[in-house]
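Each structure below appears as structure tokens.
Each of the two complexes below includes subunit A, the first together with subunit B, the second together with subunit C.
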Partner chain A sequence: MKKQVFEGIKIADFSWAVVGPLCSRYLAEHGATVVKIECHKRLDLLRQASPFANNTPTPDSSMFYGKINPDKYCVTIDLQHPDGKKLAWKLIEWSDIVTESFSPGTMKKWGLDYEEVRKIRPDIIYLSTNMQGSGGPHSAYSGLGYNAVNFSGFTEISGWPDRMPAAPHGAYTDLVCPRFAALGILAALDYRRRTGKGQWIEQSQFESSLHFLSAPLMDYQVNGEIVARNGNRLPGAAPHGAFPCKGDDNWIVISVLNNEQWQNFCQAIDNPALSQQKEYATPGDRKINEDELDKLVTAWTLKHTAEAAETIMQRAGVPAQKIFKPQDVYHDRQLKERNYFIPLKHPVMGEQKFEMQSCYILSKTPRRIKRPSPCLGEHNEYVFKELLGMTDEEIAQHIIDGTITTEITGGMKVTL
Partner chain B sequence: MSETPLQYRRRAPLIGEHNNEIYAGELGISEKKLNLLRDKGSI
Partner chain C sequence: MAENSKSKSALPPYRVLDLTGGGCMLGGKLLGDLGADVIKVEPPGGSASRIPPYFNNIADPEKSLFWYANNVNKRGITLNIKDRAGSNIFQALVQTADIILESFEPGYMSGLKLGYSDLCKIKPDIIYASISPFGQEGLKAHYQGSELTAWASGGYMYACGNPDRAPVWISFPQAGFFAGAEAAIGVMTAMFHRWNTGEGQHIDISMQECAVSPNMQLLQTWDVARVEFRRTGGCLVIPNTGVRQYIYFRCKDGYINIMLQGGTEPFLTSSGNLVKWMTEEGMAPEWLQNLDWAEDYNAATLKQEIADRVRASVESFTLTKTKNELYIEGSIKKGILLAPVNNMKDISEDIQLEARVYWKEIEHLSLIPLLPIADRLST
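Our next item is the complex of A and B:
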């Protein structure tokens, strides 16, 4: 097998939930050795998050955790205990990169923060990712992406003008932030290769998310305009939105962006007279009469299945797309052809399909998933013995004194 | 990034603001040739 770009890069991954683990996932998929440090006393949130394989919640059967953590090793350490911290230090000394996603101050409380680590390892690359950064009046707030979508401003602009704000799907900021964190790590690796120096990458998830709201922010900054919730409508384009089709809850998105597409649309619905109507002559006219126009469009789409409507529109040169449901995506021919889902056998969940994280394929060193997500503490022996060179006796002592954790004490709560 | 913090040195450029700086300064195109390119509308 060919070598991968990050082969030989070692990561001690103290992060949990989504942002940190998704970031280290990129590096794992391209060959890095990632050891995820967890604990039986306080389970990673995602081990307690649905969906669970076979609808059976156990710490090892969450596919939410599974999707984010394949190709990683998992050890379990009690970081509250001084001897547990010694184990953490062994991993830090072994690693090139340390990642953590706790609230600011947590790693410092354990004496494992960047300032402490750099004293021993000045070349370490250390990522801290948290809600609002590690300094400033709001840095101490802990939280999840479900909170960040609100103070970032996504919720305010999502939904319809006459209805309450609607949060975007899921903990949206969690899915945005790991990409920036991974990019920061790449830059730091390059800098270290050139200078031998490590550094601290400190990520505010608030700031990372604002990249995607620049237009509304600028509108306010430049003109004092407040962008309002506008459903599926787009300034200057009509018809533009999701329209119901034949059957139960089937939809098509139609997006007419200019006059040529409007002419095509009128041909597609076999209503050439419509293209001559002055109420709908220009984009401006169509925006003024958009409510009436949407009724006309709906009357047509309701007579067709989403697939048929899509074919008719696309053939006529009108941007249109059936709205996919999860099963449509899962069985999509394009994804299948590109081997997007990788089937792997997991010791608890059985065969599951794991998704590629990289949305790109490097020609010489393609993305790869070799192992499924780890069970809790699955690699204690492998990591402490094979990677860190500890003896069986040492490992046994840590298990006896509870600093390598083996038993769930706090119970398993399904949280999400 | 603690060792290499980002820095904003310039605002976004005006359109064509750096024609001379790049064509003459970076690429070493002569004034005479630049005038010719301007006359032809290539710049």
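Our next item is the complex of A and C:
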């Protein structure tokens, strides 16, 4: 097997929940060794989040955690413990890259912030990711991605003009931001290779997210226009939307982007006369009469299953796609051909399908998932002994004094 | 940052030939922000991605704000790669380049003898990224695609919107941006491989996979628990009880999001602080002050009747305040998990972004737009 791209790159991952852990996954999927530092006293939010395998909430049975963390090692250290810091330092000295996603100031409180670390390791690459950045009047803002999706502007422009915003589901920005963090780390690796210097990467998740809204932001700043939510419509294109099909809550999207596709669409619904009607002759005409046009489209889609409608449209050369439900994603043959889901046996959850993080296939060094997500503290022995060279006695002593945690205090709770 | 001299950039001036369109153009921009020498290659007459919104609403390709937003830090040329002379010039450029980014229909570049296998003959270590709706190969590789069809193929769209209407996307298309960002990451991963081995390679980016990625745990909720999530509009629905938990509230000038939940931390403290604030202002009824957020408002035991009463009570409070009052006093000072539902004006006027010098004014011919700059790196 060809050597993976990042084999030999070591990451001490202090981050939790979604953004930081997904960022380190981009490197894990291409061979990096990632050690996630967790604690029994303060479980990763996702270990407390559904769905749980066998419907049994335990710290090791959340497939939300599982989906985010395959191919990582997990150690459990109590950073509040006086000796916890010493173990953290051992991991930092071992690593090339440190990642953390605590509120600004938390790592500093423990003496583990970039300024401290660079004194010992000037070549360290250190990622701090948080809601609004480490400085500025709102740096103390403490929140979740479920909040950030709102102040970052995505909620306001999701849904129908006659309704309150419908909100992109979940913590949308949590899935936008890891990409910027990962790119920052890769650029910093390139810089380190050439200069020998490390650097601090500070991510405000607010700032990263706005890159996905840059044109509407400029539209306000330049023209004073405030973009509003508008269902599935797109300026200059009609029909353009989601239309109901046969069955329970089945939908197809159709997007006619130009006159050629409009001609094709009229052929597809077996109504060539429609293409001659002057109300629908140009994109401008179709936009003016879009409500009426949508009714015509709906009358046709309701007579078909989403799959059949998709086939008819695609054969005619019209962009169309069934709105996939979760089960459709698992069954999709295109994703299967790209090996997007990898079934792996997890010691507690049994066989589960782990999904890829990178949305690309490198022709010579393709993405891989080799191991399922770790159980809590599963790799304490491996990491402390094999990777850090500690003795059995030292490890035993840290377990006894509670620096390495082994038990949950206060019982298992479910958060999300 | 844009004002950094080249020596202060994270990346050396890797030459990138950017032939992408739509949101995919973000990938080249991010590499340019980091220091790469990005050359945007447009067909004569201009790219089809010079789309609205326009500067002063003048429908002119030279005034596309969408174009400017995603092409800062690039140089631009026009070249007809479809004719022989243009193709020759392009191949000469490729010999000076490190990276090619393209988002044509799969097979289009190969048809012009400009595919990866063609170009690696003249530049063996070229890194060549191709973005397409479903990937370069497979059953759907030649599907007609659009931003909307890509979004629909990921499963995420199904979960967004109101239960009584069609699923919705985000009113400003997103799939291309994900794909552009993925291309940039893929390229830098391939660059790492090139240092180690001297080899270039081809990168095949799927917009469908990009549209799968925002799903949080929705796919697993079906696969592991066999629960099919239905879209719920602006509230959370607890899967095992069907109780609607409200997280959006009207206020004086719009909507505020409050993660009004109980059960565990950090929600217990947050919800407790909200009730305390309402109490201070004489707006918390006695039953609300006595509500046990751990026992009576956790996901397992919450009753719809209690959720509805809490919503009405909290909303009567939020209606007396503006988004900004709730934001500053509630979240920054009192640590309540809340966020204003911001529009583009609110974001543009945000004092945190201003304090961190997020916006940078760039002069451009007759336009003086404000362009958002990229993530800062400290060095």
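Heads up, the rule we're going with is that the second predicted complex is superposed on the first by the 415 of 416 C-alpha atoms of A that agree within 3 Å, B and C clash if a C-alpha of one lies under 4 Å from a C-alpha of the other, contacts with A are read in each partner's own complex, and residues count from 1 in each chain.
Keep in mind that, in the parts below, a contact is a pair of C-beta atoms (placed from the backbone, for glycine too) under 8 Å apart; a residue touches a chain by one contact, two chains touch by 3 or more.
Fair warning: this is a prediction, and the values are worked out from it, not measured in the lab.
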item	value
Contacts of A:T403 with subunit B and subunit C, given as first, second, both or neither	neither
Subunit B versus subunit C as contact partner of A:T76, first or second or both or neither	neither
Which superposed partner A:K197 touches (first subunit B, second subunit C, both, neither)	both
Contacts of A:T129 with subunit B and subunit C, given as first, second, both or neither	neither
Which of subunit B and subunit C A:D219 touches, first, second, both or neither	second
Of subunit B and subunit C, the chain that contacts the larger number of subunit A residues	C
First (subunit B), second (subunit C), both or neither touched by A:A188	both
Common interface positions of subunit A, toward subunit B and toward subunit C	184, 187-188, 191, 197, 199-202
Touch list for subunit A against partner subunit B, complex	114, 184, 187-188, 191, 197-202
Touching residues on subunit B, where the partner in the complex is subunit A	1-4
